[in-house]
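My structure is below; once you've seen it, I'll send some questions.
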Amino acid sequence: AAASLRNALDEVVAGWEAETGHDAVVSYAGSGVLARQIIAGAPADLYLSASEQWMDAVEAEGLLAEGTRCDLLGNTLVLISHEPAEPGPVPDIAAALGDGRLAMGLVDSVPAGQYGKAALESLGQWAAVEPLVAQADNVRAALALVATGEAPLGIVYATDAAAEPAVHVVATFPEGSHAPIRYPLALTAESADAADRALYDALTGDAARAIFARHGFSLP
Amino acid sequence: MTDWLSPEEWQAVALSLKVAGWATLLSLPLGLAVAYALARGRFPGKELLNGLVHLPLILPPVVTGYLLLLTFGRRGPVGALLDQWFGFVLAFRWTGAVLAAAVMAFPLMVRAIRLAIEAVDPKLEEAAATLGAPRPWVFATVTLPLILPGILAGAVLAFAKSMGEFGATITFVSNIPGQTQTLPSAIHAFLQVPGAEGSALRLVLVAIAVSMLALLLSEWLARAVARRIGARDA
Amino acid sequence: MLEVRLIQRFDGFDLDIGFQAPAGVTALFGRSGAGKTTIVNAVAGLTRPQGGRIVLDGQVLFDAGAGICVPPHRRQIGYVFQDARLFPHLDVRQNLLYGRRFAPARDDAPGFDRIVDLLGIGGLLKRRPGGLSGGEKQRVALGRAILSNPRMLLMDEPLAALDEARKAEILTYLERLRDEVGLPILYVSHAMAEVARLATTVVLIDSGRVRLAGPAEQILADPAAAPSLGLREAGAVLNARVAAHEEDGLSRLDTPAGPVWVPQVAAEPGHLLRLRILAQDVMLATERPQGISALNVLPGVVTAVKLGEGPGALVQLSVGGVPLLARVTRRSASVLELQPGRTVYAVLKAVSVAREAIGERG
Amino acid sequence: MTDWLSPEEWQAVALSLKVAGWATLLSLPLGLAVAYALARGRFPGKELLNGLVHLPLILPPVVTGYLLLLTFGRRGPVGALLDQWFGFVLAFRWTGAVLAAAVMAFPLMVRAIRLAIEAVDPKLEEAAATLGAPRPWVFATVTLPLILPGILAGAVLAFAKSMGEFGATITFVSNIPGQTQTLPSAIHAFLQVPGAEGSALRLVLVAIAVSMLALLLSEWLARAVARRIGARDA
Amino acid sequence: MLEVRLIQRFDGFDLDIGFQAPAGVTALFGRSGAGKTTIVNAVAGLTRPQGGRIVLDGQVLFDAGAGICVPPHRRQIGYVFQDARLFPHLDVRQNLLYGRRFAPARDDAPGFDRIVDLLGIGGLLKRRPGGLSGGEKQRVALGRAILSNPRMLLMDEPLAALDEARKAEILTYLERLRDEVGLPILYVSHAMAEVARLATTVVLIDSGRVRLAGPAEQILADPAAAPSLGLREAGAVLNARVAAHEEDGLSRLDTPAGPVWVPQVAAEPGHLLRLRILAQDVMLATERPQGISALNVLPGVVTAVKLGEGPGALVQLSVGGVPLLARVTRRSASVLELQPGRTVYAVLKAVSVAREAIGERG
């Protein structure tokens, strides 16, 4: 599963294991890394991606169990700051930055970065902000940049912002400013036994949804 | 301290040690051979070999990991053969983590050993030859003991690197707790999660402690070896 | 029998030599930088000369034309290096025994204890070479080469760092190796005394060329060779047979030149010896001297007089049919009217024939 | 070939070279000093220093990068001082990338130089002292020339490592095209996108080519040095 | 003036010595492993002995009690090592000049060209030590130490790897260093000939202890010391003044024992020399011999006879008031009735006084 899901997913899986007595092994890594491994023959049964693109890539290889792909989770994108702030509308980011930097995920490759770029473009701010963007390897690193005060502002998922007390949400990007943020889940073509299916069902079940919701994810 | 780390974390520590140990041990003979070839050999393609050895240093670990995945993965050309012939699977096993660590640490090991070989006075090897010792015997009884400090240094570097390696490992064998989740993978995973810095820090401290022990051990060994060799002069 | 023919060119130095080393000890003699070590290295197989051919007992070790070059470890040639080259990581015992594993088994192989005793290194066996003194290193190197039980021994100034007493002991042992074991030795040395005592063949190297080569007796008694060898070291070699050991510590030797008394020798009566008589230890008299301390007075006839550039003259005598050399001043040569045909007495002190100048007959 | 790489990619190549070059160059003096201290010195805390030097090898690069961020970031204790006193900012600058690369490569450089120093015969240094040369002069005229091959080896390892370093770099200074986007960062970015393997491969080839050139150069230099030193024996 | 007092213990060897080295050349003489190099290393400051005190010209270099240990580079003591220790990365010229930068400026500093010429290494200046022959290395090492212009020179068997001709040249130069420059030298050697020629003071070391020490003339002419020094090397030293160079290549020297003719010496008439006369080169006669080639016949009186264990006897004579040693057989001693008081003639060949045995007066 995507590494950024760890807190919530661990909780869900632990509950499921206790309930069913099955053992689930969760491998957390970047969505791209996992996708490549599945393509290269990794013995994975479920794939929970943070990126629709990577799920597409796996699907294109015909490695998904037919009809099991669904959007498990959603998320929202927020602008955060190091300095305490009250949530409000998206400000003029370039002006707010001054000579500081805007921390984001890699704008061309990390999903959060891609969404952020799209949002800024639709808000007409991208051109002004682009030279000021510090692209981090992943959302988590972007969050760290803001948390340490290295960058005054950053764009991350609402879930990340919620888990880090050292940052403050300045604004939430409007729904329509970027493509919907989705975490697709699917069983792989390899998955065989009933336990796999059971876990799939558990993840999509109500108990799990409640946990995910508590961690700040939206549920499409 | 047992309850200071979760069982899963203990597993990661144990796995890291196992992986680093095996990676170091298994790459030693090859490292020695390659270092010897680079230091003393004269053959076409020497520069190529040299470059190849350095490759894992030059490439981002993810690339190396990806290349390993493509080659040694279950569908990779070599991986498939290994599986078919020996039933030996590397991908997503701790054995794969060993391979990844060994490959990443290889340039460091080779360079250290090579430097040591280059510092051995060939006149001593000549002297051994005039006493009737054939080349391999000379290597085993003269060159090898004299380069022990270099081998030790190489092994330490390789071990340390293996303890810290993660980019190639996670790309090649993923991050499966109890199977391929090494200490650095675990640390990295923690760092991906907001608010888990504490857990990460604990593991970092463990990693440092383990490696420091290894370092101290190696320094002590090196001193013992140096004493054995005594003054350099003969 | 070793046959050597070598061509090797360095920047500023070129070597082009050929010589034969029959059984016994062949001394390579020559000034510093003459090319001695270069030759020895080629024989050992450590360098590959540009041209030439090296044959040992019929086996071609090196042939530039045929592209043959037997690797050093298959040549079975022991080498005592000019620098000791001990293995620093092994203790002295292990150094000494290093070659044992590859040594061809032979009945007359030198015993470990024997060699250790001879070299006086019994107390060092557990030590590492690092802390050994210069002479101790050299002795261990010597032992290591001998114990590898080679079919030929190369020695590059093996005794340079040793005191006289130790030198004398080791020379005695080398003589025995030469005579009893019959081990051929190529011996590099600057010390004429060593050369004269050990060598059966002398090869004089000068600037990469062979200047003189031949049997030791002949070369050493050749007045023409004296300048090259060093005037002080010119002298004849007499073959002698031990006649008797007398009670006052002298031995009487029978030589073609008559009886000669020398300080007691170790050999049994009947044994054959080589006696080296330095030209400068021989005094000449025109009448038999009386009341002098010198015990040996040998009548002879002058056969040649070679005046040097300096104040000296080399006089060759025939004493009982064998050549003897005497070095005198030109002044004496003219005062005593020394010229071919003149009858003279050669006066030789017994103590002048030092132990080192008496060797077993090679 | 100019149009084979985009201008931005060219920038990444140039930046990588600049960063690796500076990282290597700047860490040389310190590396030399630390290696000398470890090889010859006797002081309390030697083991600690040794451990510290190896740390970047042991820790996952991300951790190192994070620690750098905490220390040398604008709000980090050292970073703040540097900014205040010298107006020298590391964060988000290529200078920061240099620091990250230098730190990551440091253990490799130190180990290579240390091995070389340990192989120098102290008797030569003694001989220099009897000729009246004070310690620093002996170091500069005897030790230093004799360990040149080791220094070269260390520099090559450091350069190669710097060319490939990316985990600590991206964590510390992010990935800002033209400023901190080095070759490996660019490669890594490409690998994050499905289907961009082709672009990544191109950059990988460039990285390999550049590093091979550096390697060849270093081998050639090493041979020149070895020729200068001639036979080891004196 | 160098005062040395040293205590040093190794595993299996312990050194406890004290001696003084006045101006001139002090020879450290002793068997291999006696402790010579250990002493020299301590004087150079390369090792820190466990106890003792080293004072050079009043400056304390080392004092175990006071915790003083001047580092080697501040001692200004040149050291010619037993192993050459040339810098492999520098060419010969750079090796030679290495110490120049730190050399105290002095008017009488040896010129570079002068030394290069003397050592015959002009052709090697551009070469690196790697390819030099053993003797070439030793010569460069010698030059390097001398050119660092030290206030004292330590030499550990500096001439061991050299041929006789080169040795003689360098000895001449060392004599000049000793006499003209007044440079004190601590000289380790196994070669008695070198010691006798150069040394003004002799210190005999045996197993880490001083066995004998004193002025060279005294020690070398002491029959009691002869066994330790080697019988062949026993001999007296005569002080002589050059009287005239005669046209047949001989020089006449005036000595307290009477005129002595030797092969021409390089010194001007009036110059003072030391003449070493080996005991075994002296023949004794009870009546003045006639018609012999030996030019020097010196009348004297026997003052002591020391019978050895072997066949020999050492006879000490007083010739013109100075002691002379002669080595003869016991048989001759009894036949000639040699005993104190007996008048005898000492017969000495001119050529026996070799160039090496004539040194400038120290």
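Every chain is named by a letter (A, B, C, D and E) in the order it is written, and numbering of its residues begins at 1.
The criterion applied here is as follows: contacts are C-beta pairs under 8 Å (C-beta built on N, C-alpha and C of every residue); 3 or more make two chains touch, one makes a residue touch a chain.
Just so it is clear, the structure is predicted and the values come from calculations on it, not from any experiment.
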Note = Ranking chain pairs by contacts puts first C-E
Key: Centre-to-centre distance between chain D and chain B (centres being mean Cα positions), rounded to whole Å   = 20
Request  = Averaged over CA atoms, how far is the centre of chain C from the centre of chain E? Could you give it in whole Å?
outcome  = 26
Key: CA centroid of chain A to CA centroid of chain D, Å   = 35
Query = Using CA atom averages as chain centres, what separation in Å is found between chain B and chain E?
reply = 60
Inquiry  = For chain C, give me the residues that contact two or more of the other chains.
reply    = 83, 131
Ask   = So which bits of chain B are touching at least two other chains?
value = 62, 66, 123, 191, 232-233
Note = Check: chain A positions touching at least 2 other chains come out as none
Note = So the touching chain pairs work out to A-B, A-D, B-C, B-D, C-E, D-E
Chain D to chain A touching residues, read off their complex = 62, 66, 69-70, 73-76, 91-92, 167, 170-171, 173-176, 181, 188-196
Key: chain A - residues contacting chain D, complex   = 30, 32, 35, 53-54, 56-57, 101, 103, 106, 108-110, 133-137, 141, 144-145, 148-150
Key: Contact footprint of chain B on chain A as seen in their complex   = 3-4, 6-7, 25-29, 33-34, 36-37, 40-43, 138, 140, 143, 159-160, 162-165
Key: Residues of chain C that touch chain E when the two form their complex   = 10-12, 30-33, 36-37, 82-83, 123, 127, 131, 133-136, 138-139, 156-157, 160-166, 190, 192, 230, 232-233, 248-250, 261, 263-264, 280-281, 283-287, 289-295, 310-312, 326-333, 336, 338, 347, 349-352, 354
Interface residues, chain B side, partner chain C - complex = 123-124, 126-135, 137-138, 141-142, 145-146, 228-234
